[in-house]
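Some structures to go through are shown next.
Same chain, two partners: subunit A is paired with subunit B first, then with subunit C.
This part shows the complex of A and B:
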């Protein structure tokens, strides 16, 4: 009796196990077509040769990689890219986590209104948003700089356009929603009675935040940080407009190599290196989060 | 002065009156249950004692001192929440130790008391487990230990057993009662489960729509419900409309056919409502002057039989112990008898 069961279940199981693969085949083909193949081609391109007059030669050399590896110019680009990404991530965690906590405690009409305010930057075109920042801070005639100068707080205008500060501020503004939503999701899984429970045991409001709420939303902060970091490090439009040609990051550098210098293989090497660095950092920190919090909070 | 005194406690939520002039005196060491349907104000009352809701008017005093002037974190009350509200990122032992840490109890003393309390609730082997890896019953015990370890002046239990399955709930009822007896902490239980309230408490406060319907020991409240609401909420009851007959002053069941009559107190007249508990009704010989009826349905429930009997006064529910004797079958004619002492009478018209 028991021996008959597996032999009868065999073909059924075979068909059942095939179905998920067949169902995901269209999406898989699309993924291969528009993500996987272009990436493979970009990686291959980075090993090709390029000359001012001869154009791209389909050979396999390490010239571009050697150049990226040894030239201080590229080191500076990548260092700046990750410096900006880290600063944006820290800023959005420092501002976004409390923002999510306050948002979570708001009552019905206000919560919706402020959620819209927070999501606002995502709904506005990057050009309009960046020009807005330029109007506020840019040059001597920026509203904020003018106000601060006439109040005597600062003697000269705070440089905003074409500076790292400017890029960091503008990127934090647009990437903050990802952090807020991620922390908010973690907060909503929190039992609302937990804070009352801690209070009844004699904990002050600050202790409740530090010992009870924060540890439980930390996975949310960390996953938000991963999203923000990845988007900040690979952001193109904001650094391109505010950073301009003077303050390049990895993505604008790759763009310039492709479209201005026309050195596609070198641009491909820069793009590939950015991709690899991001994957290593994201997978690594994800592992860390899972190992640290997997057992407790899942 | 009683240990805990709620004085005309009232809470409004906008136009809605959640708690309406509730007064209650609780003695030290007593186990009091606030019992009522959802929305009766029992949880709001508990939250006002805990300090999570501020009363609109009224006062709460604990050991003669105004409790409302004290912040929730300084009240020194142990609370077991319906959802348990354990700290998921801490082990059972860390959960229990949290309150002691907040009180500034030293490390050695803390360890000793946590170990003791976990032993009290039978969780010594689970000290290092995270709540998520524990069963509902175990989480419940951790919540209880966490509330008890701070040696609270009052233990507040908010529907503590409602998330457990029936069998476990019964076990926990017995255990909870034993633990409360052992530590002697004054306890207030909020529940909608009348069986739980009766099993655990010294006194029951039956609440309905923000008001107290009756306060009394479980047995007394069950046997002599003060209001129709208490009678129907605390266990099942049959309500029969009757009329006081002129001759002899007894109550005669209204309706067609031969009525049965029971002696009632002389001050009743006109229409009355008789309440009698299903388990107080017996089957008598058909000719013996009881309330005649026909068995509509008969349900076997293991330790007892549940009957629905069609009578002239309406459908009457009867519960009989399963003593192994043969019982009337469906469709059989029976006569229902009960002692006049087991019946309560109140004046009432057709609308009552």
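This part shows the complex of A and C:
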């Protein structure tokens, strides 16, 4: 989400070359002091030793990294985190992109109202929204199962609570606004006259969608997918509440190590690995998208 | 513009149901008269809203969240104004890097930030304090404050300032009488968006807060971890109501689309 800001360098550009540095110095120092340094400290922490009785020992060893690297428990947990993030990303793209398109074709009062209804949840407490899903899932006789069975979608109840399926559904809901927002932003750049021109030349609705709309919103879908993936892979409250204590993902495991087991160095190793994996995936896919579409994503 | 067909509208209805259902169910369950979670409820009662009064921990956590949001957002706006002016007005080496750095809390997983803050604050002796919470929240809401201050600093007619200077305004007068008033709407909405994000933040705060400094979302989260009962749904219903009021007000004043997408009601 690095902002490519259009520059409006004024006439004072040459006059005061020191000014921008002085102006941005406070924010810069703040971030170096309480973002950069703490993160470096966390990375270092992952190389420290820890024992039940001796606590944290500031030595440089690879014990925690070896444990994360070789223990099947961590493999399974990271694989689960990745699986959930991919499923949530695909679901939100498949469901959110069509909705953004429909929303964009609505008329004036409805458009604004439904945009508010769909994007609004973004700003509503994630704990409250997840609680809603916990209530809807509520055991085998939950509302969602009743509704799905009465619609004939499923024959018997599916367990949602404490399962990956439940976490995926709830997380898709939590992160959906980001996808709709991203596709919506791409649709705003689309000239409706092009669609009209295609229609007047005899293109069917399907052809217009496939040949005109889809290629132009794809960058929006991809940038939305990157945001959703990053947030799904590092989500905490939703997997903690829906997944329960046993279905661990990277962030809930790190939480456990920090606040229950108190093995901070191991927790730091898990967090560092999550951070590195996400940076590699985000930067990599951003590069790919940029090369393919020749534009920088928001 | 062509209209949506019935198929599209059916899809839309299902989609909106999906988005609204979990929020609606929290509100409905909050009005249950029963002592357990019941849905759908037959009668409505305010029993569980009165019950909140008997649990002062939720009320103190609420006020702590309000103060935390107000203070950290105000400080974040204070930091972002000069930075936004620098980014918007000057072309300098490291400008892109600076923007990326200040926007980085959006990209760094909040769980990682929470761990980093926990370690750092414990080390410098402010672990679990309100000061620590404020510092942590300044960092995570600064991107939101910066984005809106930046938007107003970029969409700013510089000729007004030049006119003021040509009429003999001093540097101080210029900033006080021209620049600040013109970017004030951006600052106010930046503060509001920062406040909402601070008020809702749970992932990072759960690491930084101690039993005496829990914010409302953290208190709710820890409560849900133990058990889910109608009390926590009525608290959630209040939070939802609080956010919706703020949201509608913000939409009315500034435009939600401009707030989130970056283009406004006027341009549409």
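The working rule: the second predicted complex is superposed on the first by the 263 of 298 C-alpha atoms of A that agree within 3 Å, B and C clash if a C-alpha of one lies under 4 Å from a C-alpha of the other, contacts with A are read in each partner's own complex, and residues count from 1 in each chain.
The rule is simple: contacts are C-beta pairs under 8 Å (C-beta built on N, C-alpha and C of every residue); 3 or more make two chains touch, one makes a residue touch a chain.
Note that the structure is a prediction, hence the values are computed from the model and not measured.
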Subunit A as common anchor, with subunit B and subunit C clashing or fitting: fit
Of subunit C and subunit B, partner touching more subunit A residues: C
Angular separation of subunit B and subunit C about subunit A, which is computed from CA centres of the superposed model and rounded to the nearest 10 °: 80
Closest Cα approach, subunit C to subunit B, once both complexes are overlaid on chain A (Å): 8
Shared subunit A contacts, counted only where both subunit B and subunit C touch the same residue: 199
For the subunit A and subunit B complex, residues of the former touching the latter: 191, 193-194, 196-204, 207, 211-212, 215-216, 295-298
Complex contact set, residues of subunit A against subunit C: 1-10, 12-13, 17, 19-21, 23-24, 26-28, 30-31, 34-35, 37-39, 41-42, 45, 95, 98-99, 102-103, 105-107, 112, 114-136, 138, 143, 170, 173, 176, 181, 184-185, 188, 192, 195, 199, 230, 233-237, 240-241, 250-251, 254-255, 258-259, 264, 267-268, 271-272, 274-275, 278-279, 282
Subunit C - residues contacting subunit A, complex: 1-4, 8-9, 11-12, 15-16, 18-26, 29, 37, 39, 79-80, 82-83, 85-92, 95-96, 98-113, 115-120, 123, 135-136, 138-139, 142-143, 146-147, 150, 154, 158, 196-197, 199-200, 202-203, 206-207, 217, 220-221, 224-225, 228, 232-233, 236-237, 239-240, 243-244, 246-248, 251, 256-257, 260-263
List of subunit B residues in touch with subunit A within their complex: 50-52, 72-79, 81-83, 85-89, 98-99, 102-103, 130, 132, 146-147, 150
